[in-house]
């Protein structure tokens, strides 16, 4: 029997009938005393953050909740509702889409910043080398920078960086990763000869790296944050009604590029 | 072109290059100024709550984050990670499971409370009638009450109700739905002749109803809350490693109840 | 230990090291000997169908594979690929959408036909009564009939009904549900004063009911069938490339219907 | 308007009201005339296969339908049903899990075989080099070989290889990838000093490679095949009933490895 009990082991939660404890804290001691961002930190990291740390995490969570129904995740949530799905399934359909391209850039940016941090030495040199390596080993797109819609500036990034600067001035964080993020932006701008703005992923990655979150958690936290927008849109669609809503109105057709035929064969 | 633009319409978010506004607030004015629960409220309801309202919402969000790897949702998230899925797909797999039985009780309890609220008249009479109607029209299980593990008390419920009482005393909420929740509990206990404890769904439904959230949003908010535990467990599993982890250790087999055979036919 | 083994019990599959048996048949005796539709039947029903039964099932499976990228499920699969998801996650995102509205009509039509079948007596009377009951208890939309695009005829339905007629003439099936399906169509046409064509769900439901599949399996079999189109579209999108593809081109915006504001507050 | 129409383009399906054509074939010409495996081929490849080719594909599809409730995908489907989800959501939850570890080995094996094929020269040398490269660049696990349960032989593999040999003798396929698969097995056995059996992924990858399917489609076809078992188990669970069924019986708990505490703090 022990092997079955051992098959599932966790340091997150302990229970007996009438008792639930997260990371060693009875749940009734957490409810009403810790904020939701503190609880998110406790669950994923194992300890409670200071209030200042939690506020910085909170800013990142607030910033990324939504980017409109043009985003595949939000569109999927709204479509799902018109297919008759309740909110849990609509939310799942949407969160599933937050993959390497749509939600994974934060995770990748944390990793890129980490390369530069660990390289040490001259920051500009380390930054250029890290970008070169990223484009050689991973992808021509440098994660966290550039936006096809928000030009020249993604309004979320400077606000988030300002909060990191404040937190660094107060000693909450080191400010090391804000410096690194700005170095990446400077290097990219120099290469492109134009402003390539830090986007939401690049900015939240600065915060997550400052606070010590591992790369995969940056993606996970983005999923938590965007789940708020997903829920809001799914619920709005539920109230709007609509059945079987595809990407464009029914009268619009797609472009067919295949072989002729399609009438009665032979 | 107008019909395509009209095909997707929303009162949640407006954008131009360089500008993102949620419910009429520029995103840079929200970041660092509103709490994550306030943002959740703004996105789903359209207006900003008071801080007292947001704190009560926050208590509900904190309370429901996790119930251990025995829950199908948490187990699914952990399994998904051992199948090689990144966190977004693991979270989606888990949230998808929060259906009528596993996550929908909060929505149902909000509805049941609403029946009692709107019936008016004598509370005990209205409560008994509503329970009768629920069991006749919907399900023999009354949503939000009883727990197969936490006997005699789910430790989250009394703590949440105490916070509602405090909020009612302060005039933040009316306290009407706490009264209704307790009336349901009293009626069920009288019928069963034993304590049938209000569970997490019954208690958070009191809060959501007090704060004016529609039933489906109670399910959606539960999904947001449980996503925290799902993320924590998925990440813990990722750090533990493991490949292709099924529900029980490999040496355990299931019970086969089908026809004999299975050797070479004929 | 026995309770753990008993927790998962199944009549579908039995295994020992080196042996896999489905429904009592060694897997090596099935591979290369039964068709894929026969295997689908064996797995879901427990016995092997005749070849004639399997061919009728096969016709339904072939008929429903795709309805173009305008369908939410197909759109979701293609979007998912542009978010960086591999095919399994893209397929899951799409199948998830085949809910009550988008994929559930087959299940509902099997249920409606079953009401008529079990009512017995005069077919026209029973049909009218069943439609009345459906619209009173369930939904104003009668499942399996009408199509917002294919007017006046969904080309899949008459072909499938012709195959049912052939199978009935050969004694493979009774033909009872083809008669019922046509009675529903006649009644709806009489009520509307116009041709309301039987659609793919109404026609495959005739086949599933003739073959004795339970209603929920009609939905499941539709999911299997549509998974083929989903896979084909996801793969085509993977070959086309594209990153973060929303429902409409980036230059198109949605219509914003919320409050003014969004510039710097206050 | 053209850009919206162009945003979704496909060579798979064309439609007008009353007409549906797949790859240039009117749907009514396909229904009842092509087998389900032929339709799968047509949709994913663009042309109709010969009957012999379709039969080999069919063998692979039949072989992989199920591996019992111990598999995370099947367990997830059954759990999902006990959470109140209908079959489409249960199937999606399960297919989502068929990731790099659980369902992706077929795709990887097709890629590995392709390396060996394209290397040319002495087969044993090319095979050893490809395995070395795989373990250096990808993973210590060589995809498609070894099974933690089926020792010494996965009964599906020799049967599938025998069918490939028959098809090669008949000129349907070249037999090149059966030879390559056996070379990988021989090399792995030599390295391990023990039989490391080709498993279902290694064997179906031989078939998919022989038939010219790209690697990602090997994963997609596995998803189609396993969807059958997923559907069968989900449906069986629906008939069994059960509510909120976790991985082990309620009396079993997981092992808690975190900090002490959990009683009233302070």
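The chains carry the letters A, B, C and D, assigned in the order they are written, with residues numbered from 1 in each.
In the analysis below, contacts are C-beta pairs under 8 Å (C-beta built on N, C-alpha and C of every residue); 3 or more make two chains touch, one makes a residue touch a chain.
The structure presented is a predicted model; accordingly, all values stated were derived computationally and were not measured.
Q: Using mean Cα positions as chain centres, tell me which chain lies farthest from chain C.
A: Farthest from chain C by mean C-alpha position: A.
Q: Through what angle, between 0 and 180°, must chain A be rotated so its C-alpha atoms fit those of chain C, rounded to a multiple of 5?
A: 180
Q: Distance-wise, how many Å sit between the C-alpha centres of chain B and chain D, to the nearest whole number?
A: Here the centre of chain D sits 35 Å away from the centre of chain B.
Q: CA centre of chain A versus CA centre of chain B: separation in Å?
A: Chain A and chain B have C-alpha centres separated by 22 Å.
Q: Quick one: report the Å distance separating chain A from chain D, using the average Cα coordinate of each chain.
A: 30
Q: Hey, what residues on chain D touch two or more of the other chains?
A: 1, 4, 7-13, 15, 19-20, 26, 28, 68-70, 75, 85, 89, 92-93, 96-100, 103-104, 149, 245, 247-248, 252-254
Q: What does chain A use to touch chain D in their complex?
A: 1, 4-15, 19-21, 23-26, 28-29, 46, 85, 89, 96, 247-248, 252-266
Q: Quick one: which bits of chain D touch chain B in the complex? Just the residue numbers, please.
A: Listed in rising order, the residues of chain D that touch chain B are 1, 4, 68-73, 75-76, 79-80, 82-85, 89, 92-93, 96-104, 148-149, 243-248, 250, 252-254.
Q: What part of chain C is in contact with chain D in the complex they form?
A: Those in contact with chain D are residues 3-4, 7-13, 15, 17-20, 22, 26-28, 30-32, 34-37, 39-40, 43-44, 55, 58-59, 61-63, 65-70, 75, 78, 86-89, 91-100, 103-104, 149-156, 158-160, 163, 214, 216-217, 219-221, 223-224, 227-229, 231-236, 238, 240, 245, 248-249, 251-252.
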